[in-house]
Structure formats: C-alpha cells, structure tokens
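Quick one: the structure is below, questions incoming.
Chain naming follows the written order as A, B, C and D, and within any one chain the residues start at number 1.
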Amino acid sequence: MAGNSFGEIFRVTTFGESHGKGIGVVIDGCPARLQLDMSFIQSELRRRRPGQSALTTQRQETEEFEILSGVLGEQTTGAPLTIWIANRDARPADYTHVATTYRPSHADYTYEAKYGIRDVRGSGRASARETAARVAAGAVAKVMLRSMGIEIGGYVRQVGTVAMTGADRQWPLAEVEASLVRCPDPATSASMQAEIERVRDLGDSLGGVIACVITGVPAGLGEPVFDRLHADLGKGILSINACKGFEIGSGFAGAAMQGSAHNDPFVQTDEGVRTTTNHSGGVQGGISNGMEIIVRAAFKPVSTLMQTQRTIDQSGQEVELEGKGRHDPCVVPRAVPIVEAMCALVLADHLLRHRARADFISR
Amino acid sequence: MAGNSFGEIFRVTTFGESHGKGIGVVIDGCPARLQLDMSFIQSELRRRRPGQSALTTQRQETEEFEILSGVLGEQTTGAPLTIWIANRDARPADYTHVATTYRPSHADYTYEAKYGIRDVRGSGRASARETAARVAAGAVAKVMLRSMGIEIGGYVRQVGTVAMTGADRQWPLAEVEASLVRCPDPATSASMQAEIERVRDLGDSLGGVIACVITGVPAGLGEPVFDRLHADLGKGILSINACKGFEIGSGFAGAAMQGSAHNDPFVQTDEGVRTTTNHSGGVQGGISNGMEIIVRAAFKPVSTLMQTQRTIDQSGQEVELEGKGRHDPCVVPRAVPIVEAMCALVLADHLLRHRARADFISR
Amino acid sequence: MAGNSFGEIFRVTTFGESHGKGIGVVIDGCPARLQLDMSFIQSELRRRRPGQSALTTQRQETEEFEILSGVLGEQTTGAPLTIWIANRDARPADYTHVATTYRPSHADYTYEAKYGIRDVRGSGRASARETAARVAAGAVAKVMLRSMGIEIGGYVRQVGTVAMTGADRQWPLAEVEASLVRCPDPATSASMQAEIERVRDLGDSLGGVIACVITGVPAGLGEPVFDRLHADLGKGILSINACKGFEIGSGFAGAAMQGSAHNDPFVQTDEGVRTTTNHSGGVQGGISNGMEIIVRAAFKPVSTLMQTQRTIDQSGQEVELEGKGRHDPCVVPRAVPIVEAMCALVLADHLLRHRARADFISR
Amino acid sequence: MAGNSFGEIFRVTTFGESHGKGIGVVIDGCPARLQLDMSFIQSELRRRRPGQSALTTQRQETEEFEILSGVLGEQTTGAPLTIWIANRDARPADYTHVATTYRPSHADYTYEAKYGIRDVRGSGRASARETAARVAAGAVAKVMLRSMGIEIGGYVRQVGTVAMTGADRQWPLAEVEASLVRCPDPATSASMQAEIERVRDLGDSLGGVIACVITGVPAGLGEPVFDRLHADLGKGILSINACKGFEIGSGFAGAAMQGSAHNDPFVQTDEGVRTTTNHSGGVQGGISNGMEIIVRAAFKPVSTLMQTQRTIDQSGQEVELEGKGRHDPCVVPRAVPIVEAMCALVLADHLLRHRARADFISR
C-alpha cells in the first residue's frame, strides 16, 4: 500500500536509503527447497554496482551481501528470505549543498510535498541505489525461473541518438557483458561509448532504450483482465528510476501497422503451437502464448548534471545549483540488470499465481 | 489475485462476459456521501458504446445501466457500489464458427492454454466489452476527482500513419467529441476518418495512439518505490485491450535528449511551485509535482479482419478462417473514454492512498 | 481495503443491502472447469433463509439465485463468478420509525459515526441478510473442497443456557437438519426449542454457541506467521453478525490444562501421521496437521427485541423505542450454514494458497 | 500472501529465525514525521524478553535493537522503517536431538508437511521469538496511537485454574509490571506465581488468559463486512503462538444471556454518545463505538515439557523424547506485550484505513 512491495505471491519488500546504513529486501513467498547460487547473486549485484567502469559513477560499492533469514545451508526454507547490502561508500555530507534546494527533475520537491520531510542524504529512497535490492531479489527469482527453463536477457538498444537496428532477440550474456555499455553490437557499442564520453565531458547526461527478451515462458501466465502479464511487466519496469516509457512486441510502431500485417499466424510445430511472426511480443489477451516475450523501456537522461543550473529553494527563492558529486552520465548500461530483475520478479510471481489454480480440475 | 480487481482503496472488480447476460462492476472503497450524476455516467458509457457511428461495430447497445447497491437517492453510502449493464444485442451464436479455431492475435489460444476452457461467446472476458464496466466505474471516479478540481481529457493523436503534430494538451471535451474519431484537430480528424474508411473497405484494420492529459492534480500523489504514479497509470492503461505501449512526458523521445535540455527548471509562481517545461509529464520520482500529467498509449490494429486468414484449430490442423461478424475497423476512437477511465481509477485510488497518511503529524 | 472482500486467491466480494434490490457476490479466483451443483447452492441458501420455521423471522425469501457471470453450462470458466439473490420481501418502509434513532447494540450509531450517512432500510449492509451472499459463495467453495474430500459440518451446541455435552464431532447433515434449532441431540434440541419459544413470548432474544468440524483436510494448509489457518478461520467467523467469540480445539478450556495433559501425542497409522488426542483442533503452528479441525463460535443474543427500550436519537434526546418488525428471537440455528460457509471460504483460499508454492521443488 | 505480513496500510512484515542471526521487521506505511521514542521501544522489547525472571526461560537476550532504515534523527521519513534485533544467545546445536523427531503439539510435523524442510534450530519461524519483531513494530504503533490519545493495556487474568475475578478494565502499567506474572491483583498474582513454580518443578507447563483493554478509540474504526474491527483484532491475536481462543466484550458468556440484559443502552453525555453497559466490548456492527475495547485471549500450556514424552520420528518410528532445553513453564506473562502489540498494529492500521475515506465529503 505504501509502495515498497511488489508481487502477490513472490512478494518483495525493499527498504534502506542510498546514504544510510544499507539497502535490503525481504522476499516473502519464495518456494521452499530452492538451491540458491550465492556467487550468481553476487555477480548480478556487480553488474549493477557503481564504479564498474570509467563510464559510471565513481562511488565504490563492492555490493557484498548478507542473507539475514530464510535460508538453511544454501536452501530456502519457505520463510521470508532477507538480503542486506551494507553501504560501504556512503557520503551523506556530500548532499549538504542541496538540503534546501530543489534539484531540477529530481524527486526533492515531490518528496517534500508528499511527506513534509526529505532524506537529503543522496535522495534516500529516491536514489537508484534502492534498485540494488531489486537486483538481489531478481537474482533469486532468476534461479527459480531457470529451474523451469526460463531465461531473461536484456541489453542496451539505444543511447541518446545512437541506436542498434534489427529485431530484438536474446543475446548471449557474454556478448552483452563484453560491452562497457551493454550493447551486443560491437560497432554500435563503440559509438555509444564515444557519445557518452562526449556528453560526460560537457557535464551533460544521456538517456536510452533497453530491450529485454524472455525465453522459455510456457503459455498460460498472466491474469486477465487487469493483471495482464504485459501490464505487470510494464508497471514493474516503469517503476525503475528514470523510466518514461514501456512497450511490448510491436509497441508504438505497431500503432502504424494494418491488422493484416500485424496479426501473428498460428502454426503447429513439433514444439507445440507457435506463431510465424511475433508482433504480439509473446503475450495475447494478457496471457503468455509460449513465444519469446519482448519488451523495451525508455530512460530519460540523468537529472544530475555537472553544470550549473538555475532552480529554487524551499523558500521559493531562485538559486544557482552547482554541478558536483559522483554520478553516471548515462545510467542505461547499469539499468540492464534492473530491467531484467523486474522481469524476473513479474514472471516468478505470475508463475506461482498461475500454479495456484492451474488444472485444479485435471484436463 | 485472479486479476479482475484494480486499485487498493478505490478498488473496482469487474465481471461479466461480452455475449453473456451483461457486464458489471463493484466499486469497494468509494467515499460516502458523494453525489452521483447519473446522466454523466450514462454519457460516459455512450462515448464507449458500439454502434455510435459508421466507423464502429454495428452491434447496438444502449448501455443503459442499473445501480444494484451502494447508493441511497443519488448519494453513495460507503457500501460497495455495484453497476450492472445488461447486454441487449448479444449474439452468442455468431461465434460458432470459431469455437474450435484459434483466431490470429486473439486470446483464443491463450485462454484455452490457461483455463482449459474458453468462453467462445464473443471471447467472454477477453472482449473489450469488459471495458464498459471500467468506464462506468471511471465515471464515478471522475465525479469524485472533479470535486477536487481534477479533470481528465483524452483524444486520438494518431490513427495508422495519420498523426497530429504539436505538444499534447487538454482539449475541450466538445472539440474532441465533435470528431467522429475523437481527434480535436479538424484537418487531421478528416484524414483519419478517410483512412479508416479506406482500410475498412479492404476488410483490414488500424491501430493508433491516444494522448491523455490530466489537470488539477495536487503535488504529492504516488507511492514510491514500486507504486509510482506513472507505473500505476502505465499498468492501468496497458491492461486495456490492444494496448501495446505506454509513455509519460517525454517518453521514448526523451531517450534521445540530453539532460540539460530535458531537465524541467523549477520556478515559484503565484500558484505555487511550477516547472517551465514539462518533460517529466507531471511526475517526478513517481510522485505528482502539480503540473499537468501527460500520458500516451499505443494501440495495435484490431485482430478481427473481414478477410480470410489461415490459422490452426484445437487439433493443430490448418484451417481457413472466414472474416465475418460485427467489429470496429479501428477501436482507437472508442478507447478514448477507456483510457480516461483508467486514469480516473488510478488517480482516485492514489488520492485516497495519499490521504490515509498525509499530514498525520501536522506540519 | 474497504472490507467487503475476503480471501487472497479464492476471493469473494459481497454487495447489496437488506432492503435494497438484492444481495450479490463476486467470486474471483475460482478454478476453471469446476462442475457446479445448482440445486446444492439453492439448498444451502434455503438453510439460511428467513421464514423457514416458526422460530425464525417471518420475512419470506425464496432465495432464488441467478448466476450473472463466470459459468458456461454448469462449469466455471475461471472468470469472476457472480451470484445475485434478488430481495423479494423487502419492506424498507418498516424502518421509518428508527430512521433517526440509535437502536441499542445495533450498528445504527457506528455506521453514522463512520460514514456520516446510514442506510436505514433494515440496516443496509449491517443486516445479516448480507450473509446470504457468503452462503452462496460458500456453497461454491464446498463443491470445490468436496472434490478434494473435505467436508464441513456445523451444528448448534448451546442456546442461551441450554447446552449439549460431549466432545465435538461431525454429525450427519440429516441429523442436524432434522432439528428446528440444528442441534443433533434430540433431547437438547427439544429443550432449546422450548427455551426459544419461552423467550420469544417474552419479546426477548437468545444467543448461543455453534460448533463446526471439518474433516479430510490434508496436512500443510495455513501460512505462518500471521495467516495461520485458525487465525483466518477466527477472522472469518468473527466477521459474522453477532459473533463475539471464537475458539479452536481446547480453546478457553485449554487455558486451565497442564501441558502434559494437553499435548497431542503423535502416532503412525495406516492413514499416515495422526495424534491420539486432538486438543490442537487440527492445527499446529498455524498449519493443518491432518486431524479434524474443530472450531466453536459464540453468538450474542439478537439486539432487536419485541419490548420497549430506552435509547437516544441523533440529536441526543432520550426516546422510547417500540419493539416491532420481523426478527428472529434466536439467530443461532440460521447461523450454522454461515459458519460453515466462512470455514469453506477460508479452506478453499488456503488450499489454493498452499498449491501456489507447494512442492515447487519436487521432494 | 505467504503470511509474514500484517495490516493493509500500516503494514508490517517480520523475518528471521529463533536461532538464526536475528529477528527483524519492516513497517511499510508508517506516517512521516512521527517522533520515535527509542527508550520506549527498548522497554517494550524488554517486557517480552526471555530471562526476565525466575519464572521464564533462562535464554539471555538483551533485545538491543538497531534501526536499519526509515528514520532521520528520531523522526520517521515515510520510507519503510526496519528494525533488527540480533540474536545474542542462540544455541542452534541445542536442537540436534529433535532434528528428526516430531515433538508433540509443536509445529515440527506441520512445517515439514508444508515445506518439505524444517528449520530445526529452535523451530525457526515457529518459535515465539518471532514475536519480538511484533513487539518492536507494536511499540512504533503505540507511539502513533498515543499521539491520538489511544492507550492499550493488557494483563494476565488467569494462569492454569487460578483466575482474577471482576470486570476487565485498564490497569496502570506500573501495577501490572509490579507482578512477575503481570497480574495486577496482588493476591491472585501470588497464587499464580506459586502455581507456576509448582508446575515448573513437575517439569510440566501451564496456559492462561490475557485481557486487554483499549481506551481512547474514536467511534468509526473498522471496515464492514469482513474487516470488522474485532475480526481483525481476533485474527491478530489468534496468530500469536499458543493462542487458542479470542473473545470481545461479553464473549462466550454473552451466549448465555438474554437480549434485554445484553443490549447496551445509549446515553448522551458531555463526552458524547456513550453506553451505560459495555457488553459489546466497544465494537458494534464491526465498528468502534467510542467505548473501551475489551478483548480476551486464551493460551494453551506450553508444548515443551521437562518430562519424557513418547512420539514418533520422521520415519514413523516410536521414540522417547527427553525433556531438556531452556523454556518457559508458562508463557502467558510474557505474552502480555505481544497481545498489546497486535492490538496496536490493528488499531494503527484501521486508523489509517478510516482516514483514507473519512469525511471526503465534508459533513
């Protein structure tokens, strides 16, 4: 209700602040006897961590995590599974200069309007540091989904005006991770990197687009009419910091097509019912149809600039805001594991939701 | 959990099938002593109804509604408010020919995969007829929001490849309703109408884009971190039939901008804190900032064509599917009140959610 | 959130008022392809209906029901299942004399305090007529539970000071229904009937105690720590009108026992693990243990008396309240199917909740 | 859904195991800018802690707590408030002897039946140690309620067969805490203490009854029809370990009364509408009526005995279970702050739930 939980059965609740003691997550509803892979959880957290390259913020966090509850040995017990990631390089004092100022396009003003108080230490909950908890929980969900053959792979399609071409597909993780910007096409990756460096040197920032492709999803997941699978994917992804748009399958481009071109014809194959095209993006009527699920998310450019900006303070006075601190000129590469995590959380939840009622009366 | 409810406090549950007895909605959580406007509810239902023009399906529904509970006189009592819209022109027998066939890009296959049974009568719950209930509930939400000065106005921005230009804004309802396609720009409206007629005569269909602008929203609505206001708007709108994409503010275009151009500078005005641009679309950090909320939704072309299509049946055999029945060549104009209704439901809910805790300790 | 829904997966929402158009319920989350038994639903409603004997209110309701949605033939589709029971013998005008008066121990004053408006027509939602919807939904849940071998049987243990002795057990339905007061012990039943008649003739009313025994529940249902099976049974039953107490197994009597006498020893039997006594009432640590579930509920005497009472009106003035209208001198016999219905709803929900995660990793 | 959360708006999620790293709670939905009283939270935890007297388990826990998130200075920020209580005297090895044995009336068998795995370290989540988290969260709720004038006071009414007489009322905290068994009547307290010592020396255990009285609750809290205030109080209290019964107001005794004696007459007083008796226990129609709320809870005797018991092991073999370890012969005195905490959580939640919609249209 207060917005820090996500999911109905595989339900995560995140807590903690960017420059407080740390970031945590409780997963309530993870099935029992799941064999966790601690090094995988760690590697997922490292994909998101700050300080991973010259293109990202220089805040240094090793993202070492601790499991506080819910696990015996490396096996889940069915009890709430809590993961805690202590902040190692928090610098709350770095934010003294913005304590009474509303940074443009940040959440300073809106948090103050809502709560009458604002955690000025790196924006508290409004910081993308909160997403470390999502990535940790998403790693647990990925372990669970993998046991069912479901794989999730995201990558950067666009940075600023530099974009990959071609249809979205699931790229091998190694090819994505080989790129500093997580774009699996080497030429585009190089252009994106150059563009980020150019803009960083201007003290400016860039947005971009992430695509995420999910394979191995059985037909039948998603709950009509409001909790359609893509509506929950959309909500989950739109809840990531800086995300301003979401589409599935043909998305906005599909609005310009005619039905005869857009419809996906069904065929019977050795692997079951399939469609010859996939403009639906793997979801029809809100329910997965067994094809690849293909989603895309638009991220605005980061609000923090290394430039002086004019704004106002709490008293309504105009002030000049100096550009300083440790920030990413473009968060899109680091957002890839976050998008994947939100997809994993949605699918894990819908898998269990479906399981509750599926084939109660045997077919 | 089974997906037919939406909202946390202002919570709606829809029920009923396209070619069953009717469509209904229970609103649980409407404040007491709200003065309903029955003719307004009726007019909203008529904006969505089939048979309203030569461009829409010829199914004839007057959409007369009955209030089953929750109202004394025309005042809400705080009890669950139930609205029932009987189906007057249902023709379940029209669907006999598709009882065992999976229509391309319909929900036939996925419902069968999920439930092991399919309501073949006009697709049952998968039909957009379900959205009549949303429009009825949305009308109640609009009455509630109006009492707070909040107004919601949608319109068609694009049909197929024909699109309006210019920034999104709230148009007077009369200018939107004056257009058969609900596009407030007369020239574009005429082109859209011609395009729909052209495609209809081919037995084909079209998609499009709807914009919706919400004014009068106070700063402070939305619950970080998962239930951000735009994430819930996104989920609500993506749960509408045929919707494949959602964006707020700068959306996908914003991904190509630089931060220095995208940031919305704050200024102090007589009406309070405002921003000089609104790339944020009225939401920052997931919380409304007092500016206009601007969202857009992409709709794919209708799946039902008046053309013969190849597909398969339940046994996996290839079959030819004849194009027949009563359908819209382009549902986008009729989806405008549905998009508005989902926005109204999200805002009514977040208004009450915020109210629960806001200023518990007085400022 | 506004309190008219119950259950997480098998989720019911009731609506309608005592002297309005009727009473309804939406069940969202019923598994698909369940074969309903319409005559059973009808017979359950008739067990609760007014006018069934000389001991009950003379309001005449046939309790004919109509299924508005969610069923094809007599099979559930997985869509929301809505049942509507029109009021046939409503007399809203009967309540004019209490429109401005607070009847003692009724909900008149509290509804007005909460909502600022009160549905004076037979108390609206506060009337036990709302429970007709619960019985209808409970009948669907019973059909579902029976397919798993789970049976629920309630009966009246005590009326006023007249009580059965002996341990609680599941009595054959016919023996319970053979008694006008639903007490399966003929001698006690006769005394109870005499006591109700005596008190009715005084214009007074009586309370009592219902026991309910559930057989066939597999071990493993219930979700620690807050949603323990007996905590949800308790909540469901305490939400029935006039219920003031709930206990499971040894209950309040168990508080006076020593642990060595109270502990239930485990033994291995051909039917699996059992206990030789059942002071636990079938639930240990909040989870069913495979033994009979035994609960009891205390009901206060009906508030409406056929006597003159002193009270106050809305303006705080003392007034005399005349005893008139159609009411039960003792509702306990009619509450038996309601208690059973709430047990059925809780078990159906917990069965599906357990199913969502049970043996995700095979044992 | 998985049962470790409680409340709709003021929502707590507990995590941690009895002999794991510690016990924690996330409160999501606490209003912002509440001034916490850390020494009060500490004192509440100490009221529940083990090792507080010769009558309780000798496990030594100082119950020092740490706030992990949600607080700036001593003020809540509106973000999730997390409290962590590290285990200081855990001895997981103490449970090796019961790793494969089902202790009578413990949750060993049911957890294994449900999850296929059991946290043998002191029963993990099934241990009453989990309730430390509830007491911590309840202390925050009490701070919030106190700012509204609501006070909660519990005490022990009965231990085994030794019981206080007289109507329930709110006793001064000092008088309750002056008694080792938390019974404010000195003579009864002495008898209870003697009874516990007698039974402890036999290696046996005792149950009892706790009464809890809540003052200052405004009329209007509670959500009909399922979330009646006393139904939620009942659920919350029944979810406490070893609780087998709950009643409000007249409870089970009320079942034997006649309506003319049970009805609570309304009168107008200088402090508003009151009733001259309070058999309703402060709740009518599921909504608070402004009178004292009076509830009672029955606790069974502790399952762990210092006696040898016969039971079975996982393979179904009969075994002898030795009595050893650190345990309370009677947990009822330590359960008083837990009962109070659950009442505080229910009231805090219902206060915020009511606030969401109350007087949306001004009266």
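Throughout what follows, a contact is a pair of C-beta atoms (placed from the backbone, for glycine too) under 8 Å apart; a residue touches a chain by one contact, two chains touch by 3 or more.
If you're wondering where the values come from, they're calculated on a predicted model, not measured in any experiment.
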Query: Between A-D and A-C, which chain pair is linked by more C-beta pairs in contact?
result: A-D
Message: I need the pair from A-D, B-D or A-B whose contacts repeat those of B-C. Over half of the residue-number contact pairs should coincide.
response: A-D
- request: Report, in whole Å, the distance between the mean C-alpha point of chain A and the mean C-alpha point of chain C.
  value: 46
Task: Could you please state the distance in Å, as a whole number, between where the Cα atoms of chain C are centred and where those of chain D are centred?
output: 26
- prompt: In angstrom, rounded to a whole number, how far apart do the mean CA points of chain A and chain D lie?
  reply: 39
Field: Sites on chain C at which at least two other chains make contact
entry: 1-5, 8-9, 14, 29, 32-33, 78, 114, 116, 125, 353, 356-357, 361, 363
In the complex with chain A, residue positions of chain D that touch it: 1-5, 8-9, 11, 13-17, 20-22, 24, 26, 28-29, 32-33, 68-70, 72, 75, 77-82, 84, 114-119, 124-125
Parts of chain A lying in touch with chain C, wherever the complex brings them together: 1, 8-9, 29, 31-35, 78, 144, 147, 352-353, 355-357, 360-361, 363
Message: Applying the document's contact rule, which stretches of chain C touch chain D when the two form their complex?
response: 1-6, 8, 14, 102, 104-107, 109-111, 113-114, 116, 123, 125-126, 130, 158, 160-161, 199, 204-209, 219-228, 230-232, 234-236, 238-239, 244-252, 254-260, 262-268, 273, 275, 279-281, 283-290, 298-305, 307, 309-312, 316-318, 353-354, 356-359, 361, 363
